[in-house]
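Here the structure comes first, spelled out in structure tokens, and everything after it is commentary.
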């Protein structure tokens, strides 16, 4: 149990939740040049970037809205009793500075930023950004951990070869690239919630060819979250695992603020539950992506997003607390 | 398998989905005077009309918003693998020109339009419009097929005798009229999802008296979509059947953009599933009605609506492909 | 069966639902000084007050939006066939005049108002207001009935000792005060749907210490509404019971218009069903609180709210009709 | 000076403005069968009807939103010092019950309602409703006063012969009909603010042929409100005059909640000022029409609308107070 | 006067404005491969692209929303009496297909598209898209006409050298590039409405150094539209001139749907008037850019935008009609 | 000229404006316990509190939305060329922690906070909060400077004696209290923009009795901003002066996000201009209050608000730079 009060979030009893400069979960802001960085166990990071979107844009505004919504997160997980901020040191590491008009430059900036974070021993928990941001993050993660496993919640596989006549980097291609670049071990990758209309089966054929396990939404609804997550945990086993959570995994009635929604997804209870059921996974990094504030300026989607991030954080904290003894 | 490329929708890889003049599902626009009309198997038609609404208006704007949302529909049904646009010729036949200030004139215009469509051998798939539009469509359908069966998804029966002291034509009366005019065979009519507060039992007494089967929402939730749809398919059997889908069948959290929502309906997964479970029904026409854009200008309701239309279309395409051998 | 037409709501066939001065459920407005008051069985009352909110304000606007939405409520409960307005005399008793800038003065005004209502033999059905309004109402209720039981639907316990360094009266403390003031019999109190992140366990420890039964959302989802409500009815037994329904019990996708939403709640069907399953409870008063129009100006949350109020009203009417023979 | 406290609006000091059942300007509700009717000098009436709209619907919801917004109107006109509610008896007479599905029936109902009002000696101040409602109102007005003059604020002339191939009754034709039916004396009619694109000059040619004076927006901006209104007052002189104020007279940035907005109109200050400058006109009735809540559910357009209604009311009150001595 | 009815827009009397597949101003859709292309005088084109935005994205959705709003444009300019569609042949040429994930590829695609349009003798009237789209359009325009003059309405100069440490192509740099590439003759360029906070004076120093005339908003408000536009017309004289109209020229109360609004701009009347006062300018192309639908899904900004486009179109039509004699 | 880079805001060229933890104008966050506090010249402070609102609540959320919008403010005032952040040290001092459920406690907390700020030699520039927050701020200001002058922009005088039967502290009474407590010198107080309906003349009679100058909106529109502000500057002369700017001074089309809007106010250009014309005033503190995000979640009102704050800040910076030589 760690309890440096510097890393405790501001309580809603001391400062009402609507007050104050909004950092992630009201945690201290610790920049990459801050000496405190090496004391951080879990770093919450924003990647305000959406150059990979092929349909509706907006996730560049995601981190700010997620920070805003996150001030409603309190100290304890009501369901599990976990109090992560007292177990490990958490901090808001700020945002990666993207270049909105240069896709490749932005990817380089993201990898550079995460490399520093990971080398400092910090587990990154990312608030996206569109799903392409997972690729430069995985480049940094894999430098440390080699090809990693992945549990991926989404309505899309993001495994396409290319778009628009040969464009290799969009939010529909990051995991194709990640497999090709050997950042992911496809045998330890599971994708949950896939649905909607599709161009063709090129993505799923690729998945089959490399051993990625796809659990479509039909199967998810038939088996239920517990059973599906048991299989997911088995697929990744004890391997270092990245968790990538696209908010469009959730049905658009619960998460309208996203660019490419698909009808017929899980409800909010299931959305939380699958994150809670990551317990036991060896998480080396995680992201929550594709929250697009212009399509939900009520903040409801963002609040769902940070609630999911908190569930993931609780699992990371539990894992580290156990590891640290 | 038919594959005249003229009838293929524009791919999102060639032209991003947000681009271009929006036709239904990015299909070619084929007007009634176009020589191509006779090559069309399934015609998507808008009925931008809401003079039958007794509460909140707006469905006159439905077809445009549904067209807009429909540009997100891709080539293949992810769940079933059906690729309808390669199986049959689909086209956007445009909108019926209504007369917003003359209810009877509008009904005549609708029947005239659909008569031409049906005589050209085209199966009409309609985007409403309020639910009264089903009546003039059924008049055209029944000219060809005689009294037809109907599978009707709705929270209301739309079987009332009259409103406001004797007004016979509103969106609460179309199927009462359709039974009286012998457009529907009531023994082959099933209404699914009925709920909410009611004036009295006059509509349900009529249903009972003519043999219409009503499956209220309590029964739907208790039995589940598969069981309910098995009964529905049995009721209509092999008879020519019209499918009428009022978007207020779905719970208003998933479909807020409608004029007379009722609490406690199916979720979006169930909303899709019941349409998918129409497989095997002899569909001679279908509509998706009561999408009211002023009450959901996010377009979420419309996207749900066109996703349902696509499921229906896949079933119609499968039926025709099988029939055509 | 009572049928003084004075107490019948205006029919949507006589005056469309969007027309007319909006009273609750289109009932007659009967002020506290009106001679008709003693003829009223169930009084619908607004408490437009939100000085107890600690996060997002707005419930002061709740009664008006609930009245507006309530004009869509028709004469008969479609599921149960109950026609409450023909069984008992219902009326809109208007709003308590709060003092928005003086919390204690407002509480006094509320208790005074309800004392008059209850002494006139009227069962109050309240449209809040934030949850603190339940406290001054319970003060009036307990004057008549002594410590009462309570079935409480909420995502929060509202059992905290104090906020902001000693502030005793907020919407997070009313039932702590009510137990301390012996307005509630804690052994006959059940709280259903509790979830979300929490400050600490101080509220739940208090509940345990006095015998309040908490059914967290995990248990609710596992057991289902019928089983949970059977237990709830057993807890309160035949005792005079207050029903307090915080709209944030329901998942925010269905009820976004509230100040402190929590992810993962019941859907709208379950939200209605639990109210319907209050049948048999000896209800001496009920409230529906925390509808905050500024956070849902579509009115969808309010329509859910009044639909719940109608279910409660049907049970109260059934109870009184049976009692009156 | 009349001061029966029955007719005084509820003060915001006694009951906050957001509280209470919303009547127009918090005035007492006096139905047509109420004995108090004959004591009323000015009656505020809603015409919740929009069957005449040819573009976006919604004004059927206008009266309710206008009532809601009107609870912010206080006792005194800050600019002129007029306190109308102490000068004459004002009341909310409720809404005309329209038939949303039968245009002619609705017109008959409106004329019948206003005939009763006018025969009771009440000057009607109407909250629309689309602009077609002015026609049945004028039918009742002209029964009493013969052909009347009219000062008409609008971006459209509403003088077209017919729509959609011969439809005579839409919100684009009421004043053509009113001239033909000799309800208006065209020589005493002035239309102010006309602008936007047009089909053709058929309406303006008619105006020229019968002597209606049109002041297009170019002229309005060039001359200013004072000069234009001086001419308007001169045109109607001492004749009994109807005031018809279409909210789309005002620029859509100030009044977005309407169905057929036109760019480049007056600002809100000018919108109030022209109503204030009606002082001295012999007003026999007035309306504020085309507020369409679905297109502005913030209520801002409605608040502008009732602020204009209050300015008109102040002038009517001043006129009557002077007349009554 | 040309009057091939093929090029006439659909009348709102034949088909209500809310009905039908929405093309720009209800004109026929003529693709670049269509034989009719050479008959077109003015082509309305969408550039659904926003990769140049440095702040809020969204203009990729502009063309569709502008098409939707444009169906409210009627045949005749009410202020000037111009009926452009009867004077010249206008058509909707569709959208340029952008590559949302490749900025340079998109610029090439745009130039290629416009080259074909211009070589066919069509004057392009563009609906953006962010302001960077003006650069590839000007590349095509200047191929034909050499360095052109420009009248530019905007709150920003868009003359910066680079962003984000050397990025040369953003919506803040197009006209810097256009001067460098000799697409514009800076001595014949005037920028009107410049305002807001700024990074530094680098852009304005550049303007001074090459002879671009900047009229800041202070000067605009002091002199008024007529005087400013007289100067603008004098600056460009008879030279071939491009008109570039950024919707953020207009105050954000009138045009909220844009990415980088600046406070204190012209009102809607002035916004129309400056476009009308382009009369006499030798327009070789024009654009209306930066309408961002996600930030105004009411469509109000788009309606303002198409109203401005119509004013420009009327001037182009007048110019061509005069030229063609 | 001061130029400690610590106090420079983050440039949009280094980090896009949508990125990063949002502090006011992207300035460093300097808490009251921070040693840097004494180096600060101007402190931007949030007072997230709205317990004084008598109508629509929400200003408690103002500071956060104002911070968010303020990240669009760049380094230089485009109109005046002032670069305040290079002239004086500016910082975000965070928010006062209010007690939302205890009005008097909150006022004490605010005064305590500002006392520390002012004693540190910092000029406070406040982002409200409702208008009652000006009272506890003035208590701290007057401790240092004695009774001060005030230039007050508003549509209401906020000079009422009491509300709701004797409640002395609401957002309608702060300046009545401030005069009574001798925090303000009424002879040096001017109120600009007063308009709307009123309860009575009690506030204006008080103003007259103590010598407060009220410039109603009629006079403002007639004389124009320059003339009015010349008088205002003359009234306060060289005296220490507080500037209080209620956003409802501005017309609601430009500033809809506020609780008690009044029709017919200044436009956004005038709103900026009056702040710019404070040049030369001896400003000892300023606030911008009554921004209520729930009533404008587009952020447009907040962007107007921070643009006004920036104009005030430029004047304060100019004054201090001149003073410091």
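A, B, C, D, E and F label the chains in the order they appear, each numbered from 1.
In the analysis below, a residue touches a chain if its C-beta (ideal position, glycine included) is under 8 Å from a C-beta of that chain, and two chains touch if they have at least 3 such contacts.
Predicted model only: the values in this text are computed from it and were never measured.
The two copies, subunit E and subunit F, are related by a rotation of 120°, based on C-alpha atoms and rounded to the nearest 5.
Of the two chain pairs examined here, D-F and B-D, it is D-F that is joined by more C-beta pairs in contact.
Look at where the CA atoms of subunit C average out and do the same for subunit F: the two points lie 40 Å apart. Subunit A and subunit D have centres, each the mean of its CA atoms, that are 56 Å apart. Contact of a single residue of subunit B with at least two other chains is seen at positions 14, 16, 18, 54, 56, 60-61, 100, 163-165, 253, 267, 295, 298. You'll find the chains touch as A-B, A-C, A-E, A-F, B-C, B-D, B-E, C-D, C-F, D-E, D-F, E-F.
Contact residues of subunit D toward subunit F in the complex are 11-14, 16-18, 72-79, 253-254, 267-269, 271-273, 298, 300, 303-304, 307, 310.
Residues 54-56, 163-165, 194-201, 216-218, 221, 251-253, 256, 260-261, 263-265, 267, 295 of subunit E touch subunit F in their complex.
Residue ranges of subunit A in contact with subunit F, taken from their complex: 14-16, 18-23, 29, 46, 48, 60-61, 63-64, 67-68, 92, 94-98, 100, 297-298. Residues of subunit A that touch subunit E in their complex: 50-54, 56-58, 60-61, 99-103, 105, 163-165, 167, 169-170, 294-295.
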